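Note that subunit A is present in both complexes that follow, paired respectively with subunit B and with subunit C.
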Partner chain A sequence: MMKLLDISKKYGEITHKYPFEPYKVSDNFRGKPAYIFDLCIGCAACGIACPSNAITVQFNDDKSKLIWEFDCGRCIFCGRCDEVCPTGAIKLSEEFELAVKFDKSALIQRGELDTQYCTTCHKPFSAKRLVKYSFECLSKANVSEKRLEEAKNYLCMCPTCKKTATVATFTGGKEMVIE
Partner chain B sequence: MKTYEIPNEIELANTLEQKLELLKNIGRSFSVFRIDCGSCNGCEIEIFAAITPLWDPERFGFKLVANPRHADILLCTGPVTRQMYYPLLRAYEATPDPKIVVALGACGVTGGIFYDAYSVLSGIDKIIPVDAYIPGCPPHPASIIYGLTTALGVMEQKLQKVSFEHDGDMPPLVEDSVMGNTLFERDLLVQAKRLMSYVFGRKLFDKYIHALVQSGNTKDPKATKVSITQAMQVEDDPRYAECMGILHNEIYTQYVLCEEEDKIDLHRVVWGAK
Partner chain C sequence: MKCDKFIEALGTRVKILEVTRQCDDQVTALVELNDLPEAVRFLYYDMGGYLTTMVPNDERSINKHYALYYALSMEGGKMFAGDEIAQDEKCFVTIKTLISPDSLVFPSVTPLVPACVWYEREAYDMFGLVAEGLPDKRRLVLSDDWPDNLFPLRKDAMDYRYRPDMKDHYMEPEYEFLRPEGSGIIDVPLGPLHITADEPGHFRLFCDGDTIIDADYRLFYQHRGMEKLAENRMNYDQMGYLAERVCGICGYAHAIACIEAAEKAINLEIPARAQAIRVICSEIERLHSHLLNIGLACEVTGNYNAFMHIFRIREYSMKLAELVTGGRKTYGNVVMGGLRRDITGVEIKESLRILQIIETQVDEVWDAVMDDKRQMSRWKGVGILDKQVARDFSPVGPNIRGSGIKRDTRYDHPYDFFKQIQFDVAVVEGGDVFAREMVRYMELKSSVSIIRQCFELMPQTAIIVDPTFHVKPENYALAYVEAPRGDNVHWIMQGSAQKVFRWRCRAATYNNWPSLRFQFRGNNLADAALIVCSLDPCYSCTERVTVVDIKSKKSKILTNADLKNFARTQKDSPLKDLR
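And now, the complex of A and B:
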């Protein structure tokens, strides 16, 4: 018993004061992914990388908006979204106080992005911001004016129309036999 | 799929008022019974970390008990495997009313990484009503303490649903390239992340770009070699130093015409020398 008292005297009080005082997590702690809506371009890279599908990027019912949605309850804090995001719109923060009472929907974060419609077939296929961002990247990537003009055209087309258009340019619109 | 109909008498004895009444006038410790509904044990380890003297939840009167009949709070972890379905229900029904159910971990809250597996029911709240959710995989002991104290009303809930509905103009996102070609930055960042993972990779990228700009003329292979070598020498962390050299040899040489001698000989540079 006396030995125990000696030991506790030696080490003093080690209990953290938390929650009555703030607690500082250690460096590189992986806390809640913080989402910055203004930076998100709706590229869905995070949705594909996320192993538990905590992030989903989907069109809404009438396809007028691209909905980015994050469910913190399903997140496993692996940091893969942070790793793949091209613009830094989602970064793991140091936030660890995540508990909620009664209503689970408090764990959800969402953002609605305007849809880009295909210039040829008028189907929705992407977010407006993604097209804008891609063009911005290309314009600073040392490509010629002519290519840039072409890119401007192609960026606003859905993958199917893009394919058709490319084939049409190659063949001049005529039916050809490829040998 | 509705799996379990809560018997009427349990439902009537578990209204919100009764639960709040219990929390307010308990006059003794809260007994916590922990149910492992098929968790990977990560959450268990963190629960036991949270009841060590380092965090000491007995300050608030939390006490683990070994029998659901003694419990006020059920702490459920895991995505509820089929095998644990009935044991969970038995524990739930055995707990005296009113009972407070806390779902712990990503698995307990929504099924987490296992949410679409064939053998699980994905989440405690699919089966029994849950009062508090503590996300995390596993939650940090501080998160567990926070979750339990929030459930008691000592702390305020911090998270709220956030929804951005107005798609405004986006700020210009692409910075000018130091080489006049953003593809250089793109390749550099990819390689930096490949070498050192995303957190340190970003730091490595910044360090490299900083050293490159220091050289005065980023397109002159002689000047950049000197400046990167210098940066490597004063770098404390040998990982950053070596990776800066690798980046220079592998990426920079693709964008600027370089001779073999313009590459950095990684074995010759002595780093860490202030």
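And now, the complex of A and C:
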């Protein structure tokens, strides 16, 4: 019994002053995923990777915007989104104070991205930023000017129209030179 | 090869229809339905097996039958020195049998091997398979007002999101407790919600004065239907995370066991470094779990001072987990093929510093607790688990090692990196609360040494192999991980489209609950909470998918004098002390 009191004396006070002082977590702590809207291209890689469906990427009702939505209440902090994001728009932060008072909607974070409409059928199919990002990647990939111009065309088409266009080119009997 | 010896011996007793090998140390023997009890009994008692798990399975889409798999760990009876199978012959033998969907009846193994009781009760709840001859046919897993003809794990039974309507409380059927006969017996209900219990579980203690004569319990108040969920909508990437959430303490062990079961079924070998890190993380988990339990064992006996000190030390182990995995508890680390996060040199250096702190401070506090006579008198001679009861019910972890039986999966069936690691299995004779806490203390020491060895031996390899793999439908395997409370066993049968066909997750405490009743008997009411605590029970883990002594109905009522001799006397009124 007395021994325990000696130990108390030896180690003194060990509690932290938290919340009156900030609590320092270790490096590489896996806290709430922080979202940087400016970097997000709306590729939905995070939405597919997320095992608990905390992240969803879908069009709004009139399809004028692509909505990226994150529900912190569902998040399990595994960091898959961080791993798969090509632009670093989502990174696990050191934030761990996640409680909300009564209002559960405070757990939800949203990002609205402009929709890209198909140049052929005018249907919405992706985010403008994703098209732009893909083009930038291609322009850095050392492809010829002509091919790039062609790619620009294709990038702005929805998958269905792209298929139709490709089939039309191949079956049209036009001669092509692959550069 | 391994296991052949046992199959051969079994062949002399019963007719074996088919033998299939899952991996190097796992073999399944298909026997006829009527031979089932004899086959399991023979392997269990005559050949030295312990019941690892039992899996009922709806295989109507495969072979038009329901199947039962009794998995036995062949390791020797271990009742006396030398009663053990040679290290390189230890293996798992599974007895499989098929049940026709027209009869839905199978002969119960429980009268011969008591360890099967919870498993067979669960088989009825989940699949509607009736164990003929099972002395205790009450519901185990599902609530008493669950619809009678709905068996959730049958493939065609229900959508995984379906929730049957609840009955009003006055309409709810009464759960019958197995109560001893005799006059002057008082029922003391404990729970489902009780301040000394961290999770819901209802204990009915039958007392004569302050002495517990018998006990019965109803658990599974928070059954979560994880198995159904995984079968319906999870892929292997997601399952690891779900398995991790089976338990709030030994989640990592569940994650490894789950993923390894899937890996074993396709014979996927993961890199050595990943194996080492899996061992490190599961040992860190053991550190914080054992510190938690030793702390609570002090707390329920009123020793708050020691409790606070032990939790102070436990904080270091939580820091350690945060350091190497990025999360204090849910590590989100295990994926099929390896791991997602490596450990850096800086982290290893810091970890070794923290380990040193934990090691010295645990010794200091443990010495102080050992010196405390009042604390020792509350622990010693309380909640004794008899060696023979332990043999009959296959308990696991510190619970059985405290009864002097050397069962430790890390030693019996070394997995992952444990093949390269030296450690002593902590075994203490006595079977009381003190013995179990002593086992935990010894394991704290060995965990620290295991983590150090891993840091030293782990090679610089990749931590994940190319995740392109093809699961083969209908392949199954068993994976076992020694969690802080005993072995967590996961059994996975793979289905098509990268999904599981059947996932059976058996948490360690599931095997420990059945023998708890024997540990209660003859003890003082004041010690009830302590006895439950010394099991380090994990209510909700068991609750994904419960045990009662069947023989009790025949058991004689001990006289008051007998009990008084058996139980330790305490000066204060225990009812006052019953916290």
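One rule holds for everything that comes next: the second predicted complex is superposed on the first by the 172 of 179 C-alpha atoms of A that agree within 3 Å, B and C clash if a C-alpha of one lies under 4 Å from a C-alpha of the other, contacts with A are read in each partner's own complex, and residues count from 1 in each chain.
As a working rule, contacts are C-beta pairs under 8 Å (C-beta built on N, C-alpha and C of every residue); 3 or more make two chains touch, one makes a residue touch a chain.
In this text, all values refer to a predicted model and were calculated from it rather than measured experimentally.
Asker: With both complexes superposed on chain A, which partner does A:V25 reach: first (subunit B), second (subunit C), both or neither?
Answerer: both
Asker: Taking the superposition on A as described, I'd like to know which of subunit B and subunit C A:I7 touches: first, second, both or neither.
Answerer: The answer is second: A:I7 touches subunit C but not subunit B.
Asker: Figure out whether A:A141 sits in contact with subunit B (first) or subunit C (second), or with both, or with neither.
Answerer: Only subunit B is touched by A:A141; subunit C is not.
Asker: Touching A:T160 in the superposition: subunit B (first), subunit C (second), both, neither?
Answerer: Neither partner.
Asker: I'd like to know which partner A:T171 touches here: subunit B for first, subunit C for second, both or neither.
Answerer: Touch status of A:T171: no partner.
Asker: Look at the residues of subunit A and decide whether subunit B or subunit C touches more of them.
Answerer: The partner making contact with more of subunit A's residues is B.
Asker: Which of the two partners, first being subunit B and second being subunit C, lies in contact with A:R74: first, second, both, or neither?
Answerer: first
Asker: Going by the contact rule set out at the top, does A:K104 touch subunit B (first), subunit C (second), both, or neither?
Answerer: A:K104: touches subunit B, not subunit C.
Asker: Overlap the subunit B and subunit C contact sets on subunit A and report the shared residues.
Answerer: 14, 25, 28-29, 51-52, 76-77, 79, 83
Asker: Can you name the residues of subunit C that touch subunit A in the complex?
Answerer: So the residues of subunit C in touch with subunit A come to 237-238, 241, 245, 305-306, 309, 312, 319, 322-323, 325-327, 330, 332, 340, 364-365, 367-369, 371-372, 374.
Asker: Mind pulling up the subunit B residues that touch subunit A in the complex?
Answerer: Within the complex, subunit B contacts subunit A at residues 53-56, 59, 106, 109-113, 115-116, 125, 130-137, 139-140, 142-143, 145-147, 149-151, 154-155, 157-168, 170-174, 176-177, 180-183, 193, 197-199.
Asker: Tell me, which parts of subunit A touch subunit B in their complex?
Answerer: Contacts found on subunit A: 14-16, 18-19, 23, 25, 28-29, 35, 37-39, 41, 51-53, 65, 71-77, 79, 82-83, 87, 95-102, 104-114, 128-129, 132-133, 136-137, 140-142.
Asker: Taking the complex as given, what residues does subunit A use to touch subunit C?
Answerer: 1, 3-8, 11, 14, 25-26, 28-30, 51-52, 76-79, 83, 92
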